[in-house]
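What follows is a set of structures to go through.
Here come two complexes built around subunit A, the first alongside subunit B, the second alongside subunit C.
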Partner chain A sequence: MKKRKSLYILIVGCGRLGSRSAGILSNQGHSVVVLDTDEKHFESLPPEFTGFRILGDCTEIEILKEAKISRADMVLAFTDDDNTNYMVSQVAKEVFKVKNVIARVYDPANLKLFHQFNIKTITPMLLALESLIGTFEAIMEEEE
Partner chain B sequence: MKIVLAGGRRITYYLAKTLLSKGLNVVIINKDKEYCQEIAGELKALIINGDASILDTLSKAEIFPNDTIVALTPKDQDNLIISQLSQKVLGMNKVFTLVNDPENVDVFKKLGLDNVISMTEILSGIIEQRVSSHQISNITSFEEGKVIVLQLEILEGSPSINLALKDLGLPRGAIVGTITREDKLIVPYGDIPLQENDRLLVMCLPSVQTETIRKLTGRE
Partner chain C sequence: MPLFLVVDDEQHIRNLIRQYITEMGFDSDVAANGEEALKMVFEKKYTGIFTDIRMPGLDGISFLKALREEAMNIPSVVVSAYANVELVTDAFKIGILDFITKPFSPNEIKSAVSLIMKQTFDIKEASQYIRGMIEQKAFSQAREYICKLFSVFPDSPLPHFLYAFMKENMGKKEDAFKHYSASLALDSGYDPARQRLNNLGNTTEE
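This part shows the complex of A and B:
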C-alpha cells in the first residue's frame, strides 16, 4: 500500500466531533492542531491525540494566524455554530488559501452559501436521514 | 426604498430613530422577542422577530435590490453571513457590515463586502487626531490612502500668519483647497495671506503630510 503523506490539519471547535476527529487523524500520523474558546473542551481529547491545543476565538484573525492557518493543508470547521463555521471556512479558503475546508452545517438551508465558496459540508441531519432510510430499507426487505 | 437594520440593540434603536426622523422607511429584525415588543411601541418601523442570518427571516422583510441593509449584531460571524445572504442571494447592492475586530475590516473586504465599518477604528482614529494635535481637527484618506485631506486651524503664533500661500514654501504635492474665514469660504489663489483663526482644508500626499503641517502650524 502506498504510504500516505502527513498533513497539517487545523480543527476549529473541540466538541464531540472535533475531539474525536482530532484523535483519529492524529493516530493516522497527521499533525493536528485544535482550537477552541473553552479550555474545558480540551478534556475530551482522546489519549491518541498528540497535537497542539490553542485557546482562543476563531473569529479573530490573530488567533487563526497563531494556529498557522496559512500552512494548513486542511481546516475542519466543527464549532457548534453554523455562522461561526461559515466565517472560519470562508476565511480559510479565501484569505489564507487553504486547499481543503470541511464544515459542519446544522441547518440545510445554509448549505448553498457554503457550496458557493467550494467548502465541503457535513450535515448531521442529512446523514441521520440517509442512515434511517438505509435501515428502513433493510427492515422492509426482511419483512417481505 | 427601505433600510433594514439586522440585530443590535441600543445602536439599532437610535439609528432607527434617526433614520425615521428623516422620513426613511425602516425595518428592524431581531432575535430577541422581548426587545422587539419593547421597541414596537416606540418606533414606527416594521419589526420582525427572527434570526436575520437565516434566509427565510430576511425574506419576510420583502427586500428589493435597491433597499439597504445594515448588519449590526454583536458577532462578526453573524454580520458576515447576513451581509453575504443580502448581497449574493437577495442581490442587494447597498450592504453595510459592522465588525467588532478591526482586523476583520480587511478580511471582510477580501470576502467581497464593500462597506465594512469598525466602530473601534473610527473611535480610535478620532481620539488619535484629537490627542496628537487640537489644531488638526480631521484627517481622512482617499484612494486607498494615496491622498490625504486634512482640516486645520491657524492659531495665534503660527509661522504662516500674514504670509501669502505661495510664500509658505509648501511642498509639492500639497494644496490648500479652501480657507474658512469668519464663516466666509474662500477658494484661495497663491497671493492670499493667511490670518489667525483661518480654517484650512488641505489636500496632500502622505509623504509630505508632516512637512505641510509644520509649514502651516509650526508644529511637528
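This part shows the complex of A and C:
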C-alpha cells in the first residue's frame, strides 16, 4: 500500500462524530485539531486521539485563526447545527482557501446550498436510508 | 547520519514531531524535560533540537541557555503553545532558528527540519559520499540518501543529478536522461548535468 502523506486536519465540533473521527484520523498519523465551545465535549475523545484541543467559538474568525485554519489540508464541519456547519465550511473554503471541506448536513433540503460551494457533505438520514435499502435488498434476496 | 532530539513533556506531542521527522527519513531521540535532554546532548551528537518551553523541571528556555553556556551550538527550534512577544524575543535572543506555535501542521515541522539541515548539512560532502556509493554499485544505499536530499533540498539541481548519475551507472539511460534534464530545469547553469547529458547523447548516438 502506498504510504500516505500526513495531513493537517481541523475538526469543528467534538460530538460523537467529531470525537470518533478525531481518534481515527490521529491514529492514522495526521495532525488533528479539535475545536469546540464546550470543554466537557473533549472528554469523549478516545485514547488514540493524539492531537490538539482548542476551546472556543468556531463562528469567531480569531478562533479559526488560532487553530491555523489557513494551513489546514482538510476541515470537517461536524457541529450539530446545519447553519454553523455551513458558515464554517464557507469561511474555510472561500476565506482561507482550504482545499477539502466536509460538512455534516442534517436536513437534506440544505444539501444544494453546500454543494453550490463545492463542499462535500455527509447526511446521516441519507446514510441511514442507504443502509436500510441495502439491508432490505439482502433480505429480499434471501426470501426469493 | 542526521539525528534529532525532541523535548516535550507530553508524550503524544513528542511522538507526533518524531513521526514527521521519520517521514523525512531521519532518526530522532526523545526527552520528557530539559534535564533529561541536557544529559542526552552530552552523550550523543545531535543535528538539531525541537523543544517545548513549559515543562516540569528544567524548562525549554533554561535548557537552551544551558546548552549555550556549554558552548554547544546545536540548531534549535521551539515548539510551544505559548507565544507572547516576550517569550518569542527571549527564545530568539538565545539564537533559535524558528518558533512554531501549537497546534502545528506536519509541514511546519518538516520545514523546520529542512531549515536545520540547510544550516548544518554540507551538501558537497554528501554529494561526494553518494557518488562514492554509486561508483561502488551500492545502489539501494545511494537511493536512500538521495531521497533524503530530495526532501531537504527540493529546489536544488543536485538530488536529480545524483539520481540520474545512479540510473546511468545502473544502465538505465532513459531514466538518467530524464533526471539530468530535471536537474537542468531547476538550474540551467548547472554544468555537471549538462556535461553528463552531452555524454549520454553521444553514447546513445553511437
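In this section, the second predicted complex is superposed on the first by the 144 of 144 C-alpha atoms of A that agree within 3 Å, B and C clash if a C-alpha of one lies under 4 Å from a C-alpha of the other, contacts with A are read in each partner's own complex, and residues count from 1 in each chain.
Definition applied: contacts are C-beta pairs under 8 Å (C-beta built on N, C-alpha and C of every residue); 3 or more make two chains touch, one makes a residue touch a chain.
Note that the structure is predicted; figures quoted are calculated from it, not measured.
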item: Subunit C versus subunit B on the shared subunit A, clash or fit after superposition; value: fit
item: First, second, both or neither for A:91, with subunit B first and subunit C second; value: first
item: Vertex subunit A, arms to subunit B and subunit C (CA centres, degrees, nearest 10); value: 100
item: Partner chain in contact with A:107 - subunit B first, subunit C second, else both or neither; value: first
item: Which of subunit B and subunit C A:71 touches, first, second, both or neither; value: second
item: A:29 touches, of subunit B and subunit C: first, second, both or neither?; value: second
item: Minimum C-alpha separation between subunit B and subunit C after superposing on chain A, in Å; value: 22
item: Footprint overlap on subunit A, where subunit B in one structure and subunit C in the other make contact; value: none
item: Footprint of subunit C on subunit A - complex, ascending; value: 5-8, 29-31, 33, 50-52, 54, 67-68, 71-73
item: Complex contacts: residues of subunit B adjacent to subunit A; value: 53-56, 75-78, 80-81, 84-85, 88-89, 101, 103-104, 107, 110-111
item: Residues on subunit C engaged by subunit A in the complex (per definition of touch); value: 12, 15-16, 19-20, 23, 101-108
item: Subunit A - residues contacting subunit B, complex; value: 59-62, 81, 83-84, 86-88, 90-91, 94-95, 107, 109-110, 112-113, 116
